[in-house]
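Chain lettering (A, B, C and D) follows the sequence in which the chains are written, and residue indices restart at 1 in each chain.
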Amino acid sequence: MNELVHGALYGTLIATAILSTIAMGIWFERKFAGRMQQRLGPTIVGPAGLLQPFADIIKLLQKEDIVPRDADRGLFDLAPILAVVCSLGVAAVIPFSPSIIASDLDVGVLWVLGIGGLMVIPTFAAGWGSNNKFALLGAMRAIAQSVSYGVPLVLAVLVPVVLSGSLSISGIVAWQAQHHWFAVWPIVPGLPAFVIFFLAMLAESNRIPFDIPEAESELVAGITTEYTGAKFTLFYMAEYVHTLVGSALGAALFFGGWDGPFAPGLHWMVLKTLTLFVLIYWVRWSLLRFRADQLMRLCWTWLTPIGVALLLVSAAWVTFGGTN
Amino acid sequence: MQSAWLSAFAFLLVSTLVGAGLLGAASVLRVRAKYDSPLKHNTYECGEEPAGMSWMQFHARYYVVALFFVLFDVEAAFFFPWATVLREEGTSAFIAAVTFAAVLMLGWLYAVRKEALEWQ
Amino acid sequence: MEITVEVQSATRGSVDPHLSIHAYEAEGDLMLLHFGPQHPSTHGVFRMDLHLDGETIVKATPYIGYLHRGVEKLCEKLTYVQQTPIVDKNDYVAPMTNEQALNMAFEKLLNIEVPRRARYLRTIFAELQRVASHLVWLAAQSIDLGGALGGGSTLFLHCLRERELIMDLFEEVSGARFHYNTHTIGGNRHDLPDGWSKRAQAAISQIESRLSEYEDLSLGNQIFVDRMKGVGVLSAALALELGISGPVLRGSGVDHDLRRDAPYHAYDELEVQVAVEQGGDCLARAKVRFREIRESLRLARVAIDGIPEGPICSFKPTRQPTQVKLTGGQAYAALESPRGELGTFVIAGGDTPTSPYRLKIRAPSLHALAAIPYIVPGANVSDAVAILGSLDPIMGEVDR
Amino acid sequence: MGYFNDTAKALRTTMVNAFREPVTQEFPLVIRPRAERFRASFALPDDEHGEVACIGCLACERICPSRVIKMKSGGKKDSPVTGKKRAYIDEFVLDLSACIGCELCVQVCNSDAIVMVRQPEVPAFAREDLVLDMEKLRANAKLKTASWGTGTRLQEMQEPPKAEKPAVAKASPATETAPAPAPAKETV
């Protein structure tokens, strides 16, 4: 019972933190993208447009809720909530500092992959439930994409698991802290594994250059074509949560999480997470997107075999020489 | 460790509440149209009348991808228990993993040669 | 110039693109998708009905007419001097060339010689307009490939930023940014303001310096190349058969450019390097346009340096609508607009001597769109967007 | 790997741009300098005697391609200022919502009585708000900066040199250019 309270309390804390980070993240993204495009970005709402995300959310919540006549009402309504649960739920096992963790599961990595993988379901529910052809095409693409990129994601995540010999994310971080990750962390399996993880994470959270499921120039808005108001907000939010939690996961698995000198753990974790988060948006506003077949080819003919090879290299590292 | 699962599920509950709370807030805040037009509830298809429903038999290629996913992901799942015991088991576990991966990649090679992984 | 290409029947492979859809066999159900008119990347209001097998297009049928405004009919009602501002709106990305094409036809009809200074001004405007138009093409193409919420929009806004420079130059001359109405029968209405040439050279230098940035984000980027290469292959024979001209034709390897082959304005005094690329795919068309931007900037620069002194118009300034009265005669004049051969065919006479009996505008975009049923099938939805972007249609010009 | 190299190049380009001064401005707060010839809305300026310069010759109404100008001549009267006889205008209505800004009305005006101004009209909530009557047009002349272009200037700039005749060839007998009579004479 105590654990239930602990989970709920920390869950509320972490969820609030994530959501407010996202609100500021949206502001930052718009400002950053604006500067990259030599625009000003938001300036009107609040000082330097800081209150823009809140204005956006209030606007979105006020919008009329329109459900298409031909839609499958159940799926259509359920999908947005599921999307938020699946993207936010991943954060349950991520340690933000040695003590701030909602649930220190011993199979944290599996939880992450499992809950993250469930994201396919709301996506398809939205696409199929809308009974819209653009949504259906988007959902089909999304499934093909997240299902395919699930494989390199698993393989990339396995590298730190093999190196540290632990399935718990806090265990992995603790192992990195013990072994001075920035000095000892083997470059050969570690860095390429991070690259694969980063690409797969971009694909899983539908970010450019892998955002073909909701390619707005082709599929109008992909799965969210028929969604308005609050339900659209949830999808929108889920996407950002997915990106932020993915960044946090990357920071924890590959960059030592809360480990770092001179400052408390939480600061390091936040710094690393936000760096990855900014990198994602920097990439997003710089690149064009792939086509579905190129995406699949990249995944199956490059990332998957490289992932397997990296796994074996890290296993060899553990078995024959390296650290223990 | 039972307890950690409880916390994790509590976290899921909180996440659900976030979603439901937002929808609830919207149901209070949102504008209700005075007049409803049947056109508003039409399925969007670029401003044209939609040509038929979108619930149809889809191209088989997607099922191939799904099959591959099941294949690779399930086999990758075997790596997880192996990863935790690798340190204790040592060389024998490594050789087992290499063999396993070799078999896996043989299947991958077959798929590549068959061009089953080509999207078009 | 001699074009010796064997004209084949307009079919793709052995399949006639105009076949009934029941003639196709698909693995799953065929999905009929209305792609447009209200779609983010149909470049205005254009509609393609796509029959999809999975995501592969088996048949594409273009529909036009959503932006029809009856410009040609309107021109029959208006007098000769009133028509220039009306045609501005046809090709709304390159209004200058519309005016020029119309007035060239009228000048031919009236047999008026344009003064040398005006011909140079027209050349400069046409070339700057070509740069502006190609920048809009690149902007739209990158949005098509990269989305409005991503790198595509970055390149989009960068392109529009440089287009602003050109529009500022036009604004200084004509006072308008879009409805220039700066050409008239027999020459130009507006002379250059003081110091314009210097500012224009500065703007050209600035655009030239930014071109490498565009290349970093587009042609120099592997993703862009991958998306464009081998997509929407248009053979030279089919392009000629469909009457396609401009960068789309040159991308298919046909060396044809009216600026060099039938010089007008001051092009006989300038040497035009025509950009031709083999391949006929979207990438070749993109390369052609990129080279044309550089070439146009060079031409504009040379022309600005060589502007002669003299009058800018050889015809009385417009004083009243009935200034030109014609009872007969006909003329066709064409120029190389950013999209290809933009021609105006005018028959004078009819009931009223002050307005043409019939005026027909040959819009290059219309012909480019005719290629869609042939080159889109076989591609997937993403490619369809890329192909449409690379044809660079302007619906205002297509529907008129 | 081409992809990584090109991605690095793209990232560099966007970052370079992020540190440039933004080119956009907050429009209603900051207004960019407009060219001298910039034309947006209309005004009916006064002549040197402080009366409205328009003499109601209908030239602008006739030339307008989209027929947005409606006017009513007031006939000849003695001017209260100079005492000389001149033509007046009773009503002048310009529907800006249909105007295409072609500047032909300015060009044909021999008395420089209609000019364009460089400040655009404020967006309106109703179409009627965009209809400019005499009052608004005269107020515009006082409140807003006039564009460089006036009838005289535009015609002068475009006028072919006096020495040589307009090159209307004899080859096309169907061609004839009507002489342009002074509109004032024509209408009064």
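Descriptive notes on the structure:
Everything below uses one rule, namely that a residue touches a chain if its C-beta (ideal position, glycine included) is under 8 Å from a C-beta of that chain, and two chains touch if they have at least 3 such contacts.
Fair warning: this is a prediction, and the values are worked out from it, not measured in the lab.
Of the two chain pairs shown, C-D and A-D, the one joined by more C-beta contacts is C-D.
At the centre of the protein atoms shown, by the Cα-centroid criterion, sits C.
In terms of their C-alpha centroids, the spacing between chain C and chain D amounts to 28 Å.
The distance from the centre of chain A to the centre of chain D, with each centre set as the mean of the Cα atoms, comes to 56 Å.
Annotation: 61 Å between the Cα-based centres of chain B and chain D. Our note on geometry: chain A versus chain B, Cα centroid distance of 13 Å, whole angstroms. The set of chain D residues that touch two or more partner chains comprises 7, 10, 13-14, 17, 23.
Taken residue by residue, chain A touches two or more other chains at 36-39, 133-134, 140, 220, 285-287, 292-293, whereas all remaining positions touch fewer.
Among the residues of chain C, those touching two or more other chains are numbered 31, 33, 39, 54-55, 151, 154, 158, 161, 217, 221, 223, 380. Which chains touch which is summed up as A-B, A-C, A-D, B-C, C-D. Chain A contributes residues 32, 34-40, 43-44, 282-283, 285-287 to its touches with chain D in the complex.
Here chain C touches chain B in the complex through residues 27-29, 31-39, 42, 47, 53-56, 380, going by the rule given at the top. On the chain A side of its complex with chain C, the touching residues are 33, 36-39, 133-134, 137, 140-141, 208-209, 211-212, 215-220, 284-294.
By the touch rule above, chain D contacts chain C in their complex via residues 2-3, 5-7, 9-10, 12-14, 16-17, 23, 34-39, 59, 62-63, 65, 100-104, 107-108, 116, 147-149, 154-155, 157-161, 166-169, 171-172, 174-178, 180, 183.
On the side of chain B, the complex with chain C involves touching residues 45-48, 50-52, 54, 56-62, 120.
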